[in-house]
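These notes concern the structure reproduced below.
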Amino acid sequence: MREVTYVEALMEAFTEEMRRDDKVFHLCGNHGPLAALIPEFGEERVRACPISEEAYVGAGIGAAGSGFRPIISPGMMTFAFTAMDQIVNQMAKIHYMFGGQAAFPLVFRASTGGGRSAAAQHSQSPHPMFMNLAGLKLIMPSTPYDAKGLMKSAIRDNNPVVFFEDQILAASPTKQEIPDEEYTVPIGVADVKRHGSDVTVIAISKMVSQALAAAEELAGQGIDVEVVDPRTLVPMDVPALRASVQKTGRVVIVDEACLTCSAAAEISALITEDPATFRALKAPPKRVCSPDVPIPYSPIMEQFCLPDKDNVIQGIREVLG
Amino acid sequence: MREVTYVEALMEAFTEEMRRDDKVFHLCGNHGPLAALIPEFGEERVRACPISEEAYVGAGIGAAGSGFRPIISPGMMTFAFTAMDQIVNQMAKIHYMFGGQAAFPLVFRASTGGGRSAAAQHSQSPHPMFMNLAGLKLIMPSTPYDAKGLMKSAIRDNNPVVFFEDQILAASPTKQEIPDEEYTVPIGVADVKRHGSDVTVIAISKMVSQALAAAEELAGQGIDVEVVDPRTLVPMDVPALRASVQKTGRVVIVDEACLTCSAAAEISALITEDPATFRALKAPPKRVCSPDVPIPYSPIMEQFCLPDKDNVIQGIREVLG
Amino acid sequence: MALEPGQLLDMYRTMVTIRTFDRRAADELHAGNIPGAVHSYIGQEAVAVGVCSALRREDRITSTHRGHGHTIAKGADIKFMMAELFGRSNGYCHGKGGSMHIADFSVGMLGANGIVGAGLPLATGAALAAQMEGGGGVAVSFFGDGASNEGSFHGSLNLASIWKLPVLYVCENNRWASGNSAAATQSVEDISVRAVSYNLPGVTVDGTDVLAVYEAAEQAVRRARNGEGPTLVECKTYRWRLHAEQRNDPPDPRPQEEIDLGPQHDPIATFAGHLTQQGVATEESLKQIDGEVAAAVDEAIDFAKASPFPKPEDALTDVFAP
Amino acid sequence: MALEPGQLLDMYRTMVTIRTFDRRAADELHAGNIPGAVHSYIGQEAVAVGVCSALRREDRITSTHRGHGHTIAKGADIKFMMAELFGRSNGYCHGKGGSMHIADFSVGMLGANGIVGAGLPLATGAALAAQMEGGGGVAVSFFGDGASNEGSFHGSLNLASIWKLPVLYVCENNRWASGNSAAATQSVEDISVRAVSYNLPGVTVDGTDVLAVYEAAEQAVRRARNGEGPTLVECKTYRWRLHAEQRNDPPDPRPQEEIDLGPQHDPIATFAGHLTQQGVATEESLKQIDGEVAAAVDEAIDFAKASPFPKPEDALTDVFAP
């Protein structure tokens, strides 16, 4: 076992998969940490691109359709809206539109989330937009272990996979133990990060740590919280989410996205539209999300917007009635 | 009273508002029906643009911030993803980011929806993406009357308003009576398109007609369906939706968007998270949406994807148990 | 590289195939047999054929909403194309794509495209793949004059230039972008001057002269295979028919005198004249080809009509690759 | 148009204000008083000041992530700027925008911008507004060399050209786009050559020479006010400090010899030399200005520090205008 940070875990995934398959290469906005791959793999497989996201994201799709497996890293997702047409109309649709005749294996990774006083254009959690866009898989890992294992699965997947790395997690020095031997984490399988019986908290990405902190605090007060991390938003592990809620009868969904049409909205709908789960509910499902505002700069206001442990606790108290 | 089509209704709104306020002008991808405005208002106020959506959508925002009230019409929303960065990072955010010091009054109108065998790149219902993006109002009218009245309100609003016109409705020769005298329809107010007591059907845009057809058919079988049209998705008239569901105890939500993170997901969450409405529910809320696929070309498959009267009836039967 | 008589006749046959295919497709659309819309390539045949004649089967192309010509010129089978237009399950895309999304990856045809300008980045990526493969492959992006105002044009040409990618950017300048004239929306007369912005060669050729197009393409392809990078090739041409054939055709916004000029520079008639003058063909031998093509298109239509429709729930497959 | 001594001294004062503001802002950031990141304009002062000296107050500009210089040069109040950086409720954006989104619409400063290239379309729209208003107003978009590879550059210049909009596109070519060198990502050495693609004039000037910048801007502004359309003005310059000051500064990816060259072409020292040589100022009178500026920046920092923080729930206001 070794201890690695979130970024180190991702770098291990890249190194291992680039060794395994010489079709894997990077297109990125800036080298950043990827520069460490250049000595072993060369600049040809770790390409820094001009600020033309539309062109190089599209080039990645074209290369994927021509037998390669690009990993495309424009940096923050907010910037990459400049490439949104290629994502919406090509990346998500062409495998289907072409009747499945060609695969487009690629990973599109970008950072999302707030918390660094970077204001609205550098702080957004737009994953729900991508959930509504059929044709992409979507992964948002909350831990180094999951990040590495899911990145390896994403690189091996024969489809476009969107991989959103929370910008706070990605910058975090926090380490986690991971196995020395190779492992992968399957796409589409949720993980119960904490078992509990009183209430289910479904939390996404950075929100998992807030949910666990809330659970810890409430454990001292005799409230037993189960924390479920979907890890993959498309495909969503619906049976796992429903099973937990059927067990506890209460659910709080924690999502950093703006409330309206959030992943939390979808999860809420998935829970309540299932007759068995609906019947098991002892209280209305509760969403804990950011309000519907562009994320502000000043830390005081920003912290007010982003859900934290206290918001989770308040949500739990509400569903406990 | 006169009878007008959907497009005629919009054209009346444009004419009236352009006469009323000489700051109102058009930036469009192609003149199309807007050409009819040129004789009265001149080409300077009805501008056809090069195929550079990012540039002219952004120019519209810049003109709005400089005292004008542009109506920006790139055509189909699918094309306009080429301008998504300007929409996400400028249109939706800059009023807020700048601390409210300047208003950006503009209407961004585009067609959405499927049903014309135009395949995935010309058939999409991406309104949920825009609901998740804080900072934009969002209107999707279902009738000529609403289209005219809401367009007039949108043009007068001091904010960026996204106005999505279903491509089938926009091409439809169906006429509706509208008043001879001037009227507006307020933004943010739902409309009960049919009163009923057994089940609430909340339907958006083109889906309203499917819901009404289903209601008609079921009326013959003694099932009394209420059809509620939110008309505006942001802001959403939440009290009106909850009131109807509290009355009937059952709800079907019909949305042409792909299921995951649809407007229907949001509406479902809004209904179930409210304790009073939750308690009033006699059955799980039901979503009737398109499946999570890029919309296919061949009519047989396309019709299978788009919700219709029969899907609505099936949904109603499900919630009636 | 001089073209053999057999190649010249193949080029003629392909041009006639494109024209016949598109004329018949429009007829079938107006007869109610093809849903949606069809963007006819008639008048522009020399571009697709001139360029694709300079390519190998393994070379890759990306196309536009007006993609039938490129697809045929790259070697796709018109039976499966027609079946796709008819929305049948044995069309190239199993009825999921239709006219605007015909693709045949087996011949390097990476898809027609409904989004103006979107094919340029894709071809740039195909060229990157070819460069990394190291087999001397090239990629071509076909696009219109209107598309040259999209950001994707700009970013793609810059990217291809700095990486010296083996790619041809072939602009079919037919002077109109649906309802908008180039005169009103384009800041330059010749798109090829834009090559200067990316430090790469730009040429303008008569896009109704298939041999001129071939020459320019052949030279650019040679450059690309030699690792010398991309070229912008502008072909001046004209679209004879409406922007799109639809159930209810709108009026053509172009001046009638201008429309009338199109057939006066008929790429097929011009090439036929050349072939007979050079003794490569006789009027009779060309007629025979015309007849064979007509029969082949008939056959494609029969094939399409006899093909099965997809099942409704086939809509749910092909979202993700296995 | 010859500049009066008073104007020249104002320009000097503004340049020194920009430098002092940015140096002190970086210090305050590293001291933990300013959250987020700050992109310093130091080394590029001559561009903002040269261009804005050719503008009127009603003229409108759009800016970049590196926007302090433009904001100061356009006449904003450094007190409210500093308060914004400090995240206080009386900053220009009430703490909602921060360094990257400072705006002061009352002086025609339409906002710094965190998205590379996004300001070009906005300025194009401001120019369209000016044209429609008919008052002879102009708009300016400042942007970097890196931004010139974005699609928004391409579409904006084409649009401005066909409509002959009164706009200046001012490219500050500092040869780096965060970690990427122009040499590696830019297909042309001089961005100004790209003007050819839009049939408009492109000029390159020494961006460390405020008078050269002023001359070029003044000519382009005159052209614009006369209805002759847009100009692309490239200013060759250099950024002295890191791409962005952050809590944990990453290493500077640029070669040290190159970095060392920056201050050898100090725009302020150059201009000071000119002013004293021409007898417009003495070393003492300039020192006095420097002192006054230092005091003003001190005052701005004191103002910012004494300013109230927003209330948490202020986050919920200003989403929609009344």
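When the chains are written out, they are named A, B, C and D in that same order, and each has its own residue count from 1.
Here, contacts are C-beta pairs under 8 Å (C-beta built on N, C-alpha and C of every residue); 3 or more make two chains touch, one makes a residue touch a chain.
A quick note: this is a predicted structure, and the numbers were derived from the prediction, not measured.
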Show me the overlap between the contact partners of chain A and those of chain C. B, D
Looking only at C-beta pairs that count as contacts, which pair of chains has more of them, B-C or B-D? B-D
Taking mean CA positions as centres, which chain lies farthest from chain B? D
What whole-number Å value describes the gap between the mean CA coordinates of chain C and chain D? 45
As a quick test, compute the distance in whole Å between the mean CA positions of chain A and chain B. 29
Quick one: report the Å distance separating chain B from chain C, using the average Cα coordinate of each chain. 36
What whole-number Å value describes the gap between the mean CA coordinates of chain B and chain D? 40
Which chain D residues touch at least two other chains? 93, 95-97, 101, 113-115, 149-152, 154-155, 158, 162, 184-186, 319
Two or more other chains touching the same residue: where does that happen in chain B? 49-50, 52, 54-55, 78, 82, 85, 89, 96-97, 119-121, 134-135, 291-294, 296-297
Can you tell me, using the touch rule above, whether these chains form a line, ring, star, complete graph or other shape? complete
Residue set of chain C touching chain B in the complex reads 35-37, 87-88, 93, 95-98, 100-101, 113-117, 146-147, 149-152, 177-180, 184-186, 309-316, 319
In the complex, the residues of chain B that touch chain C are 30-32, 48-52, 54-55, 78-79, 82, 116-122, 291-294, 296-305
Of all residues in chain C, which touch chain A in the complex? 60, 62, 91-97, 101, 103-106, 110-111, 113-115, 118, 120-130, 132-133, 139, 151-152, 154-156, 158-159, 162-163, 317-322
Residues of chain D touching chain C in the complex: 149-155, 157-158, 161-162, 184-188, 193-194, 196-200
With touch defined as at the start, can you tell me which chain A residues reach chain B in the complex? 54, 78, 81-82, 84-85, 87-89, 92-93, 96-97, 119-121, 124, 126, 128-129, 131-135, 234, 236, 257-258, 260-266, 268-269, 272-275, 278, 283-287, 291-294, 296-297
